[in-house]
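Below is one structure, written out as structure tokens; comments come after it.
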Amino acid sequence: MNAMNFVYGFLVLVAVFIFQTTLTGINRKVTARLQKRYGARWYQQFLDIFKAMRKDSTSHGWVFDFGVIMALGGIMATVIFIPVAGFEAFPGLDNVFVISYLLAVGMLGMAMSAAGSGNPWASIGVARALTNMLAYDIPLMIVIFTMIFAFDSASVGELAAMQQGMGVLGWNAVRMPLGGIVAVIALLGMLGKKPFDSFIAPAEIASGPMVEYGGKHLGFMFILHEFMTFIEVSLILNLFFGGGATIWEYMLKYAVLYTFTTIISGVMPRFKIDQAVKYFYRVPLAMAVVQGLVVIFTGLGVKIWF
Amino acid sequence: MSIAVFLAILIILAAASFFVTAANKKAGGFATVAVSLFALAMVLSMKGSVGGEQSFMYLGFSITTVGWYFSVVMLTAYSMTSFFNPFWMKKMIYPAGYNFLYLVSMAGTIGMFFAGDFITLFIFWETVVWSSAFIIQQGKSRKASYVYYVLSAVGSMATLFAIMLAYSVSGTFVIRDAFTGLAGSPGTALVVFLAFILSGLSKMGIFPFHVWLPEAHGSAPHTFSPVLSGGLVKMGAFIAFLSVTAFPAYEIFGDMLKIMGIPAPIYFLMLLGALSIIIGTLMAIKQEDAKRLLAYSSVANGGYILIGILMLDQVGFAGGMMHLMNHALASAAAFLAIAAVAYRTGTTKMSEMGGMIHRMPVTYLVYLISIISMAGIPPMGGFVSKWLVFQGLADKGLLFIAAAAFFGSIGSFMYVFRPLSAVFLGQLFTRDKDVREVGFFMMFPMVVLTLLTLAAGVFPNIILRVVTEIQKSAGIEPVTLARNTIVTTNGFLDAFRVFIVFGFGFAIAFVLFIVRRKSRKVGLMDTYTSAEFIHTPELLHYSHSFYAPFERLYDKAPDTMNMYKKISAGIAELGGLVEAVFYGGKPAKTIFWIMAAGMVFFLAGGVFR
Amino acid sequence: MNSMNSMISDIKAALSPLETSEPAFRQIAAVVKPDGIHGALAYLKNKGFTQLCILTCIDWIEDSQFELVYILFSWTDGIHIQLRARIDREKPFFTTVTDIFPGARYYEREVHEFFGVEFCGNEDLYKPLFLELWDDIPPLRKDFDPQAYSDSKFPMRENANEFLSMTGGGDDE
Amino acid sequence: MNEVKLFLGPQHPGMHGNYSVHMYVDGDIINKSRPTPGFLHRGFEKLMERRLWMGNLALIPRICVPEPDINEMVYAMGVEALAGIDVPEKAHWIRMLVLELARIAVHTMSLGFIGGPTGMYTATYWAIAQRDLILDLFEELSGARIYHMYIIPGGVRKDLPDGFAGHVLEKMAELETKLPEFGELILKHPVIHARAKDNIMLPAEVVWELGVTGVGMRSATGLANDLRKVKPYARYDEVEFEVPVAVYSDALTRLNLKFREIYQSISIVRQVLEKMPADGPVNVPVSPGNALRWTVPAGMVYAAVESSRGEYGYFIVSDGREKPYRIAVRGASYPQGLLGIEKYLKGYRIDDASLWMDTMGVCSPEIDR
Amino acid sequence: MVLDEKDNRSPWEKIGDYFSANSVWMKWYCTGCGAIEMPPTMTSRFDMERLGMGPMATPRQADVLLITGYLSTKTLRRVIYSYEQMNSPRYVVGFGSCTVNGGIYYDSYATINRLDMYLPVDLYIAGCMPRPEAIMNGFAKLIDMIKKGEARGWRHYQENYEWYKKNQLDSLGEVIIKDEFHE
């Protein structure tokens, strides 16, 4: 660990921000086309973020500020750990548990700050967000657990590298088809895309945790959202779709996967939070367990594979 | 100093503290601080004499690393909590008795951890149970004490049974010898194993013995709950440790049915651990009282510790042993924080307060860091130990247990966040407008525990080195430690670097935050209310039924306590029936009729033969 | 469906109204004494007039009377009935009909707010409904002049230039 | 505190219109709810007493914003009844045309607005755009998109423009091709079913207790209680249409009913265009002389029409002068919007509050006036 | 504010104004009947998002407060409260004649007559109600004004706070209703 690592880390952050924000802008256009309209400019998301950063803001006490900083800090640290097409700013720290739990720092920070605003809508939103997390994480973690057991590695980068070289057949989403489906459904939940976006439902709880954010706080939330999206999509991409051998392949696959979730979400209303939990614990959980048993006991897809 | 002398001194000091308290309550409280700190210092200094065997009269002691480790955990909880004692004396019914029992139970735990034979173990075990039962009784409800005592008694009886059974086979009370003597008779061994670990399970609050934890923790005096959760529960872990190491469970059950390479009895116990994780998590989510919530979280964390210890391997075992320490630190700190809030507001009901962060910021930070650790989020200690447990599970492919572990881990975000949001964040109630932060003397132990939690997360190898020694003494391969790194088969973890990168991210965010214009401060009530007006902060604080939609999914599920109640009601009913038959009306008449019936039966038998 | 004529004769027989008329297609108007309203409503409800369309009030200031109007509708017959009764304007007290038509509750609150008629038995009557911090006589009374109220409270725009000079919104080059 | 006080509105994305519901919530269950109307209170009933009979035409459409034409119709009907005049035959048919187009527009919009509470924004986008095409027809007819002031006492303002019938038929045909898409997207969507099915119930007893009319009544009681059938006005007795009914009123049923009513309205529009007399006057003066000096004979009359939400009525009192003496407005959503919220919103979850407001058809401007 | 004020913004402010101009979020508040033309403006036919505008749930997040028509006193209290919760720079757009001079409700006892007595209006959009085209046009104008730094109503409000407050209290009695249980 030397200064170069930090420089790389910083560059990763900048690059990820530009890439993901552009992609979000493009996805807003995709959604717009789905809704039969032109939609915003492709760089609209940048404008929104910078505008928010520019505005004055209101603060409800130090924890409101501190939570925001902690959230963005935790999320940015997580981004630095994500291996992108074999590149890691800090090699060897891409353990899947580290990533998924470091992600929770950001969520905790955001939850703390939102609840610190003293707004009941925000608290309800946080309660729903945490419940949502409990819903999607269990099936996903079971599949990831199976994968770690099968490939004897918990390193995201290594797991991604193992899938390369066989083309599509090497992808874990193909080797473990049920797991792949679970992962994509869980990705919808992770990203807070419909139908699993009840924690920000504007018509119910007036955008939930975001309710009191304005100005730079809101800007932070937007940046955080971009980074969080990157982490979550990257995690699924690396673990189930083979990451990317080159950066271009990675970006292309990433864009396709992310746009796919956007399109799905475009034609979905939202579940109530308990319906989301029920859904996750019925279909994807069963699929994940079946997948886990198949892999652990028969080795089909891992040991038995072409 | 020999253990016996040390314990004798402690008992004498405990008696002394009784009289000091009787003279001056506050001084008595400070006496417990002094004595427990002295005990901690003594035990810490004992590290060098590991390996010694001592005996005193019929008591046998052996100084082991594991005993030392457990003692340190226990005494940290005791000594740190004792800082609260002076301030709570006026709220106690029998302050002198409390201080006396507090120190006696402490001495008892030390004696138990260093016990060399079963007799010593059992005596000190009972000392702790009795003294703590009397302390719990000084809290909110008597019932808690009953429940605690009954379940402890179940454990004690089982232990006694196991000891006697082992003695009958192997003819010795020395722990290791008594157990190894069982190797020849697996049937007896299984019974001994299960009976012996039963006391550990009941103490740790593993399902289905978890019912006493919320009762006892929830209603024990606020100053004793941290000890209960941070310390006494870990006695169960000690028993579990003995059951799998001193009792070579893996070897004795080696011929039995194996599930994923784990002998069936142990797998069954692991399943119990997994169940307690799930039940503890689900129950913690729906508690309305902060202390009960933390108590259920102890149930869940007990599950992790049990699973870790039972794995008895390189990684998972280390995780379990380390989690014991981390949970003790975090849980004691969290209970202390709640106690501090209760000290100022007089309640632990979450829906009765809010916004304490604006009055007690240090307490808030203490609670925050302890829950981060409890939820297993980096960079705190709890993360490292849970990571180790997960790695161990992934190594073995224990899918269902892992699923429960994940559930407990994510679920813990939910329940630990709840007091954070309800007690510390949100609207500050009108009643609590003038509350102040607790004084330095109460803040000190909380801050120390917090720093230790942080240190355990950033430099986990300090604790893990001790754990490797324990692993070596237990005869298993120790977890591989590099300078800052923990290496497992599936990958490695450099907690320090994770911490540094986290700090790096935080620094960037912080810089980004302060370069932008300073934000306008507004009051808590100046918040989005759909543009309507409201002036009552109590009505704008969301804290009751926090996870209502989720809770509703399982509120019909059967409750273990109700099950016990039903059983006890059934037994009482049966007793009532017997009583009604024999003692209803005139007993003489009943006896006459029974005899008459017997005669008739006898005669009839004679006739029709 | 009962015919209009039979309905009118029924009403005449049962309610002994002061006056009946047929103001529009399939519509009957009946004026009763104030104390006859409850009986009439109960009777009509039994006859199939299950729906209270509206409860309102007219301020006959020249007669110093309020006229309460209950309009009922029968979905089976397709007939509207106006049931009207006059009460004293100086002592505007009446009894609630929420026991017969629970839906009247908010209509009564409204009439109280706009006319000052008090309906005994309606518990929420004194809570403001549409108006907030109202500081004048009930606004729908005929002697209330909204123009004067508006002029006294809400300033009018005097000329266009003032707006331009004040907010700078007018420079449109 | 076990309860938290939450506000649905006035400034809340879950509330269409300017209306507020104060909710006392435990967890996510509404324990107590209180409607707070009056944010849109403009004192219409007072203002109408101060305007001429003709001048009121500018005021009345603004009472109910989403569906203004019923106001014009009901006002015209009342004044005509008081004045005792007969409307020319063609005016009746044109009025029906306008009313049914308005019904289609408002039902389409309310189908689309289901996207708000449930998060199905695509439906909103599609449906609102579809409704806009009908507003184009209105614009062609009257020159205005929302407030047409087209139906006047004595008839309609002017005859249909040339080629209007063709445009209407075109738009109807297009709408018919689009409607199945909405059906797929909204009414058959499994997640919408999860949200709306067996939820937000409106039992028949409640209908009778509150006096709910319109779709709510028809969906709960199974009776074809539609004023167009029960007490036909204009020439509704001369066209053929069905009134969709149901006996189990959950949110989904009510949506379905609205959806089926759109088809019925399209069929009515077609019949109207077919049966409408080709020529003839479209209006007659209410009273002799300049429209600004109209007087209406003294009398009291209640006029009601079937709006998209139920019975919508005016009680008009004239003392024989140039201005009305008193006009009282019965908003169609008055029963469910006030007493309904107070008594029957409680027990539902905050997730459903917005959907409750939406599918019960609470329209704030007509409650507040 | 003076009409011919020189453009003395710093370059940073100009950049900031560029961002503000191109991303104007409106607050989701239907204050009056003009709100019925907002859905068409927002949705597929007129597609407001092309201008970078979109609805936002709460005042903290929003930039522009649309007063879509007449304001009853009851609503005006909420509007002022909610305007004060917004973060600067914030803009107010008045829709229709009702906000200019009361419109057809000039003699109503419940509605105010001119909005700019109570809140600093940056832009009025004429019409009763303004058509979506007019609204879009008005927004384009607003964007232009923000870009040029002319939409300074919020600053005017800060500077003349006493004057606005006095007007508000004169007409409304009290802005923040003390009686919270008036339901």
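First chain written, first letter: the chains are A, B, C, D and E, and each begins at residue 1.
Just so it is clear, a contact is a pair of C-beta atoms (placed from the backbone, for glycine too) under 8 Å apart; a residue touches a chain by one contact, two chains touch by 3 or more.
In this text the structure is predicted, and so the values were computed from the model without any measurement.
Annotation of chain A and chain C: jointly contacted by D, E, touch as defined at the top. The chains in contact with chain A and with chain D alike are B, E. Counting steps between touching chains, the shortest path from chain A to chain B takes 1. Using the average of C-alpha coordinates as each chain's centre, B ends up farthest from chain D.
Comparing chain C-alpha centroids with the centroid of the full set of protein C-alpha atoms picks out A as the closest. Greatest Cα centroid separation from chain C: this falls to B. This structure's chain pair with the greatest number of C-beta contacts is A-B.
Look at where the CA atoms of chain C average out and do the same for chain D: the two points lie 21 Å apart.
Mean C-alpha position of chain D lies 29 Å from that of chain E.
With centres defined as mean CA coordinates, chain E is found 37 Å away from chain A.
For this pair, chain B with chain D, the centres built from the Cα atoms lie 63 Å apart. Residues of chain A found to touch two or more other chains are 35-37, 56-58, 120-121, 124, 202, 206-207, 211-212, 215, 272-273. Residue positions 128, 130-132, 139, 144, 146-147 of chain C each touch two or more of the other chains. Each of residues 520, 526, 528, 530-532, 534, 536, 540-543, 546-547, 549 in chain B touches at least two other chains. According to the touch criterion at the top of this document, the contacting chain pairs are A-B, A-D, A-E, B-D, B-E, C-D, C-E, D-E. The part of chain C that touches chain E in the complex is made up of residues 127-128, 130-133, 135-136, 139, 144, 146-147, 149-150, 153-157, 163-171. Residues 28, 32, 35-41, 44, 47-48, 50-52, 54-58, 202, 206-207, 210-215, 218 of chain A are the ones that touch chain E when the two sit in their complex. Chain E contributes residues 16, 19-20, 22-23, 25, 28, 43-45, 47, 49-50, 52, 54, 56-61, 63, 85-89 to its touches with chain A in the complex. Contact residues of chain A toward chain D in the complex are 34-37, 120-121, 124, 194-195, 197-198, 201-207, 266-273, 275.
Those residues of chain D that touch chain C in the complex are listed here as 37-38, 41, 43, 45-47, 50, 78, 81-82, 208-211, 213, 223, 225, 230-231, 233, 299-304, 311, 313, 315, 317, 325-326, 328, 330, 334-335, 338-339, 368.
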